[in-house]
Amino acid sequence: MKIGLIDTMFARINMGKIAEETIKEIAPEIELEKITVPGIKDLAVQVRILLEDKNCDIVLALGMPGKEAIDSQCAHEASLGIIYAQVLAKKPALGIFVFENEAKNDEGLKQIVFNRVKKHSINAVWMIKNPEELSKRAGTGERQGFENVGGID
Amino acid sequence: MKIGLIDTMFARINMGKIAEETIKEIAPEIELEKITVPGIKDLAVQVRILLEDKNCDIVLALGMPGKEAIDSQCAHEASLGIIYAQVLAKKPALGIFVFENEAKNDEGLKQIVFNRVKKHSINAVWMIKNPEELSKRAGTGERQGFENVGGID
Amino acid sequence: MKIGLIDTMFARINMGKIAEETIKEIAPEIELEKITVPGIKDLAVQVRILLEDKNCDIVLALGMPGKEAIDSQCAHEASLGIIYAQVLAKKPALGIFVFENEAKNDEGLKQIVFNRVKKHSINAVWMIKNPEELSKRAGTGERQGFENVGGID
Amino acid sequence: MKIGLIDTMFARINMGKIAEETIKEIAPEIELEKITVPGIKDLAVQVRILLEDKNCDIVLALGMPGKEAIDSQCAHEASLGIIYAQVLAKKPALGIFVFENEAKNDEGLKQIVFNRVKKHSINAVWMIKNPEELSKRAGTGERQGFENVGGID
Amino acid sequence: MKIGLIDTMFARINMGKIAEETIKEIAPEIELEKITVPGIKDLAVQVRILLEDKNCDIVLALGMPGKEAIDSQCAHEASLGIIYAQVLAKKPALGIFVFENEAKNDEGLKQIVFNRVKKHSINAVWMIKNPEELSKRAGTGERQGFENVGGID
């Protein structure tokens, strides 16, 4: 099994490293392929390359959009590209973005980043090793970056 | 005949279970294939996989976007991906979303979810077994999640 | 020659019937293939299926988006999907939507629907039988749903 | 060499004719293939057909979106479709739109249309015959529809 | 190794020349292929052509959107097209835009353009020659056009 990790120079926290450490801890047998690109709009093509040509079973596409309106538009374009790349490759990728304006200060931002990247790294491992872990949490209000909100049924 | 069901951990109600129970009740002979993904942006690739590689005749892609602006954008990206996946696979999928801000409280939200998922589960069964059931309701103001509004001609 | 007609249960007027009657009156020799889907986001995949697998020369994709903001977003997604399906199939389809808020009341809405669907049904027939009818109206301010506005040159 | 011209019945000025006359004057040896469609959302599929199946080296896709919000959304969808069609065909097309609200009156609108269509017709000829004409104007603030604004370096 | 450079006549600064000079200085052995198109919406198809048919390892797609709302929409469409072209070609391109309203005057705009184009030209060279240069800057808040903002971890 192999997981691809793509992060950016633009991000202000080394997201790829968090993902790498999390996966190595919980599933050391999984092979990793890491790559860094300039920014989030450069993720989509690498998603397809890693899934189709580098034999990855799943990819984490990691980024931290800035707080301006143009950054929000970039994130939208990047997300559509990541979805598009998966659909063409017929293998999954998780687009994991933390927006700079999700927190009030650097400390808060760090907490969100660590929480979201760790949880999604676990999700990725589950998706290729133990999909039943996701099934048993269907509709339970799982959140990445924050506390789970829980189900209402 | 086979129907694919994809739901999310993010949702706060087990939408896949509602769909499963509805379909089993009205068409127990239809085979089901269920999968759970983290969130709505992860649905599109599974739509294509279920339609093309898992032999499903139709897929229900189920999700509950949150109430923030970013959730609305995610839902937009997810919807475009689901449409895109169908067009590539040349088989239908129903994207079934309930937005958290469609109701004022949890009780109202549950009602919308149950109503919408049930009606669309029936639609899916009709689409592959009895398409004439849809034809005879053409232009009649059918709604899922709420009461039908009726036709005006 | 064959025209595909796709309409929705969501619409409040039987748009497919208007198209069918119009085409039968002006070009009874053209074969029709009709299908009804739940809503406008379900049109795109059927456009591709009708054009590529059901041998249609052109398709009318008919729908009536509601008046909420979410309906407008759905219409946007549906339109992009219909364009995408055509481009892949390399055959034309006309996406024909009437928004509920285009008129002040049901009577006004009916008039727009009848006018727009009839005119576009004629357009579809021209596109496959008499494309010169479109050429001679190039740049003349043709409108569907309302009176033509005319050219200004 | 062959250029495809697609215009619409919706436009209020015969844009295809302006393009045809301009190209015939500056490059009479270039073959033209003309087609008229109802509106701008119908352009994308014809772009692909003309580029791939009708042997055109480049296509001009001409339209005049109305002044309502819905027209702006249509133009956005049409533009994405035209880009998409080119990328699939691996040959260029120029999407040439004049929005009705770019001018205060019909006379002003006509001037913009004539200026923009003529300049882009020349661009299209250059792109297939003399690409160096574009290269020497790189970064010089060329505008179509209005006066050039000039470079700042 | 070969890099493709695409710029526009619309831009007010010769962006392709800045990229060319930067690359020639730091990696004179890399072959360059340059092309100029009218505007940013014409970039996407050339990205695919350069990557797939002209043997480029990476492409820089350079443009300067104007300051009107319509320019912002064009930039959005152009960006989506550039991402789409890369994903299809399975090779990277960097979409490098400088919006006219990013600076208060021409002098400020020039500085942003020079800074952004130079840094991204270096990024492109690194991506095909020394990808480890990007990896070691992962999550360090690199910015193009402005000063780097630095990491926060």
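Think of it as A, B, C, D and E in the order they're written, each chain with its own count starting at 1.
The rule we apply is simple: a residue touches a chain if its C-beta (ideal position, glycine included) is under 8 Å from a C-beta of that chain, and two chains touch if they have at least 3 such contacts.
Computed from a prediction, not measured in an experiment: that's the story for all the values here.
Student: Minimal path length between chain B and chain D through chains that touch?
Tutor: 2
Student: Using Cα averages as centroids, what's the distance between chain C and chain E in whole Å?
Tutor: Centres of chain C and chain E (C-alpha means) sit 40 Å apart.
Student: Measuring from the mean C-alpha position of chain A to the mean C-alpha position of chain E, what distance in angstrom results?
Tutor: The computed centroid separation for chain A versus chain E comes out at 25 Å.
Student: Give me the residue numbers in chain B that touch at least two other chains, ranges are fine.
Tutor: In chain B, 80, 84, 88 touch at least two other chains.
Student: Mind sorting the chains in ring order for me, with chain D at the start and chain E directly after?
Tutor: Traced from chain D through chain E, the chains around the ring are D, E, A, B, C.
Student: Show me the residue ranges of chain E that touch chain A in the complex, using the header's touch definition.
Tutor: These residues of chain E touch chain A: 72, 76, 79-80, 82-84, 86-95, 99, 120, 123, 127, 131, 134-135, 137-144, 149-153.
Student: Per the contact definition, I'd like the list of chain B residues that touch chain A in the complex.
Tutor: 7-17, 34-38, 41-42, 44-46, 48-49, 52-53, 64, 70, 73-74, 77-78, 80-81, 84-85, 88, 106, 109-110
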